[in-house]
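Okay, so here's the structure we're looking at.
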């Protein structure tokens, strides 16, 4: 396969999934002739028509609720919410039904659906267009949540999500859509949901992130290596729920130091859960408090101040140095 | 003309067939075979007796709080009998008659009200969803099912139920709109019992009928006397036929009364008069259907006595079975709360399951999680 | 009659006064003084020119993506002029004319599109909410304000705006229902520009008009030609008068066209033809209003030229002022993100503010948080 | 004042607030003639009439959205959502507007409203009637969240919430409504939002909880004192957001051991944030991993299995003993 950006890789996965399985249908606002406001659904409507590529009315609860109905019916809907900020309109459907039908009916009725959603900041957007609130879903039993960090993981995780027998929230860090290209393999690849990846081994400190801030983590690791001679171990979580505690603990038991990085708000964010699990499973190995480099507990600002809000390499480096020199 | 009334293309209708004295409108009377009519009565009676017994059980503390269904039998049964088993039945929570008719065991229903998820597992052989607690949320699932039926092209229809209070929820609007935009084969049956807990219809909406909401969706709408099982039957039959032949959704408003408290925890004397309730008692659905059937010589007192006896036996057996079931796994096993959340059991839930087992002094190796490959495969 | 159509008590209407050739219906023509008519034109022209300049600024990268308002001036201005300053103006985001008319400075509007919260601060002296990004959510605030007006009894009215796409949201339904149940003095002005981004009205709803939704709420409804400022003015004037005198809410559907891309990031050629757009250009609101005013001898080309010159000066000044403002605090201060979340600054935010200051090499003692006692007192 | 239960104390606070301030209005489903499904709004409608005690249509987004509009208008709405599970229907209004208007308009428009809501398990209810998802609001910038643990704190916190210039989520652990009585002072009392209370001093271990599980904490402390001779320090958080980090850290710096207890799901719950803050501020004082005794990451079961799900004294004692003997 040629190199491709993440938008293209997601689009590829959608094409592949729809080609392979006629139960897969795609739905959302402006995903048909318009091909999605980020063009992620390019070519699907032309190829499969409006029966399987459905432009819905402007109603997020409607989209999710109808997708749940389709999933109960036996289809495999992949529903898009145009921006993560608007998913809140559907939160009751997600929490009360998508995540619960299997449990409620003791395995009889299931909701194998995917909720795709561009998330996060970095595209100079107005209010409500830059949200990262994956922690809310991690706190909601019955859901799985995955967030890719580049083209290859995006394609592989989307296939895994579509094949999963349970509802999966699939966040697309939109800052990455066109940020860089990667080779994706010829054949379809899936990544196991619930498994993190160690993307660089190291022994002195563990950096943990996912999604768009994996870039900040990598930037920081480069600086740390160059300027401090420290090779950081880097973990890309990929799955937010379930969280891969084992990989996290193994790393921190080795390094004894950790920085966790994400762009959603800090309080009760994924970072706090990571810290709590390290506390439970590796406290005695810790040589310094874990630092959280995250979004602050304010709404992500309109775009002029957004950069200051978002984690970046420098912030991660500072945190890592504090942890290293503790 | 630069200022003029807009002609609305669609009209909503009203229909009643069997009035509250038991008189029938001969022209509109549906042709239903005697055996089926009798059977309809039997199901209604069964639902009524179950409801009465549930109340006793609740008072005895043997089941939890529940919403009574008395008075809603004509709506629930009169519509459900128009469905095939593999059509979808998407109820709210006052469709006891429909649940029983669709094959939900009474044992299971009891288990539900005893506080076990196991009671929410739909029976095999039908396409049913369980009770929907969050008001109006199920209507969107019904809309989605109807959209799916159109995609798959298998001619199934979806019948879904909601109360008068439910009409105020945004989800109700979104569901009616989705169903109409996609011409989904969905019959929206509104059980207008004139109250949402304590709130009367006049405080729920500022218009005279619920059915006129159909105008907002370019959808056929019909209002019927919901205590008149013949009217409910005819209206929903037409709607089912239209839906099955590609004619899209219908809104059917069924006017009845909430004869009982909202649930066993409610005290209606706080917000409505006993006289009002009494006025409606005379109109309730079983009395008039009984009269009608007797007039037709389809039913006599001996039949009813026999039905009642059989029903009592059935109810007694179900109560015993349900109470027995609660003493054995899976019901007796608190660890079952972890069994079916996902097709597989993620690491953190495995650990929490063991944590709970330890707290309760249970041995986890003896109680394997039940969300086994079967359900995983079904979902996959 | 046991089966009969239901008579709906309320009719919805259609009205147009000034047609797209500039002809006026003499009977319906409102009596507006020449000076005011001219002023109306001036505001429309101002909004149009601002919109055009915003586009240029966006293309130059000096502001971010924004939704153009061209073609929506008659709706926004024609309705807003019926409000008093202390009535509430609750817009969506295509009401540029209304924002300007209500006293929002162009400098502030530019600052908004440059990506600063400061641009969303409403001016003093009016009761305005800023742009509402989440579709339909503002309609409930309007309903609540109308309920509050009834509670306080101060005879204020609320005018709120939404698109055709917004009608599909549950919040739109809940807002219309609340307003009608509580007979709140709210005028719901729908800017039906026939598209929600790429989705045409025919895929948004299955009925011919938006105004027929009024039937579902027992609410008066009127549809007008939204490119006809006289019709918008008359319809909303009637609605305001009814609302102010206790007659409750009104739904006003204003038909127009989205002449531009949805936002500067949108490419309409993907989903609609250029011919379609061209057909609508001839109907746009300024041309016909200009003709009308010229026919009435209220306006001439020299007037327009003068207006245009004044407007250009104003726009140029505002751009300079806005770009200057971004270089100074508070705009230049990233720590301002912490300033106004709460009336006070809780401990964790104080710490995070310092953390950010450190990361940016700023001195927090020099930049005190701005959410000072004034705002706390106002809220308290 | 006579002794009263929590339902009565909340009712008293509502009466007092409405009597004092004509801007205070109460709204929700069945709160008028019916006086609330838990009778918490008893007497209000009779006293103040339907203008200020408003039975709304059945629409949670409507209730919250309209309350926001009223607050913007200058009133002080106290809106009730009948059960915490149904608040999800209004989550977009809460997150996007209640918590943001002040920030968005740089202090010009504010939303001084209270959202009252019976929360938690313990009353033998059916599905969706036993939720405790306060962590979602703690993760949403712009909101304050308080949860009383008995009659006296309930009254004082409700007054504080109503007087607060910003939106406050006020959860009422419904298991406590009629569980026990307490004396409340004659004069109106407020508790500062953002401040926890040390309800018992101790030196060997810190127990932290709030709301209904304060009872489990107290039960556990009694057992620990009797059976183990350990006097636990007990903290009642009262405020979930802002969280009183200082009180938590002071205590753990003293005891070095900690158990945190709540009934909401564990992952990304309040407990994880407490652990994360202790990690940041008191890591070196820790002598054992902090234990979380919480609801599990499954939906709270229907009532037959609810007891097994909820934290209780025994679970807390076991956890405390593990921490103590670590």
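By written order: A, B, C and D. Residues from 1 in each chain.
Operating definition for what follows: a residue touches a chain if its C-beta (ideal position, glycine included) is under 8 Å from a C-beta of that chain, and two chains touch if they have at least 3 such contacts.
Given the structure is predicted, the values throughout are model-derived calculations rather than measurements.
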(message) So using the touch definition from the top, which pair is joined by more C-beta contacts, A-C or C-D?
(response) C-D
(request) Please flag the chain sitting at the greatest distance from chain C, going by CA centroids. (result) B
(request) Could you please state the distance in Å, as a whole number, between where the Cα atoms of chain B are centred and where those of chain C are centred? (result) 43
(message) Suppose each chain is reduced to the average of its Cα coordinates; what separation in Å results between chain A and chain C?
(response) 35
(request) Report the inter-chain centroid distance for chain A and chain D in whole angstrom, where each centroid is the mean of the CA atoms. (result) 31
(request) Measure off the straight-line distance from the CA centroid of chain C to the CA centroid of chain D, and report it in whole Å. (result) 39
(message) Quick check on chain D: which residues sit in contact with 2+ other chains?
(response) 57, 59, 61-62, 85-86, 89, 92, 96, 103-104, 127-128, 141-142, 243, 267, 297-299
(request) Enumerate the residues of chain C that touch no fewer than two other chains. (result) 117, 120, 134, 168-171, 174, 177, 181, 203-205, 341, 348
(request) Show which residues of chain A lie in contact with chain B when the two form their complex. (result) 25, 51-52, 54, 56-57, 59, 61-62, 64-75, 77, 92-93, 96-97, 102-110, 112, 141-142, 144, 163, 165-166, 194, 242-243, 245-246
(request) Give every residue of chain B touching chain D within the complex, in rising order. (result) 64-65, 112, 114-117, 120, 133-135, 165-166, 168-171, 196-199, 203-205, 265-266, 270-271, 326, 331, 334, 336-338, 341, 348-349, 352-353, 355-356, 358-360
(request) Could you pull out which chain B residues touch chain A in their complex? (result) 88, 117-118, 120-122, 129-130, 134, 137, 139-152, 170-171, 174-175, 177-178, 181-182, 339-343, 346-348, 370-371, 374-376, 378-380
(request) Enumerate the contact residues on chain A facing chain C in the complex. (result) 29-30, 32-35, 37, 55, 57-62, 85-86, 89, 124-129, 266-267, 296-299, 301-309, 314-315, 318
(message) With touch defined as at the start, can you tell me which chain B residues reach chain C in the complex?
(response) 2-6, 8-9, 11-17, 25, 28, 168-174, 177, 180-181, 183, 203-209, 211-213, 215-219, 223, 248
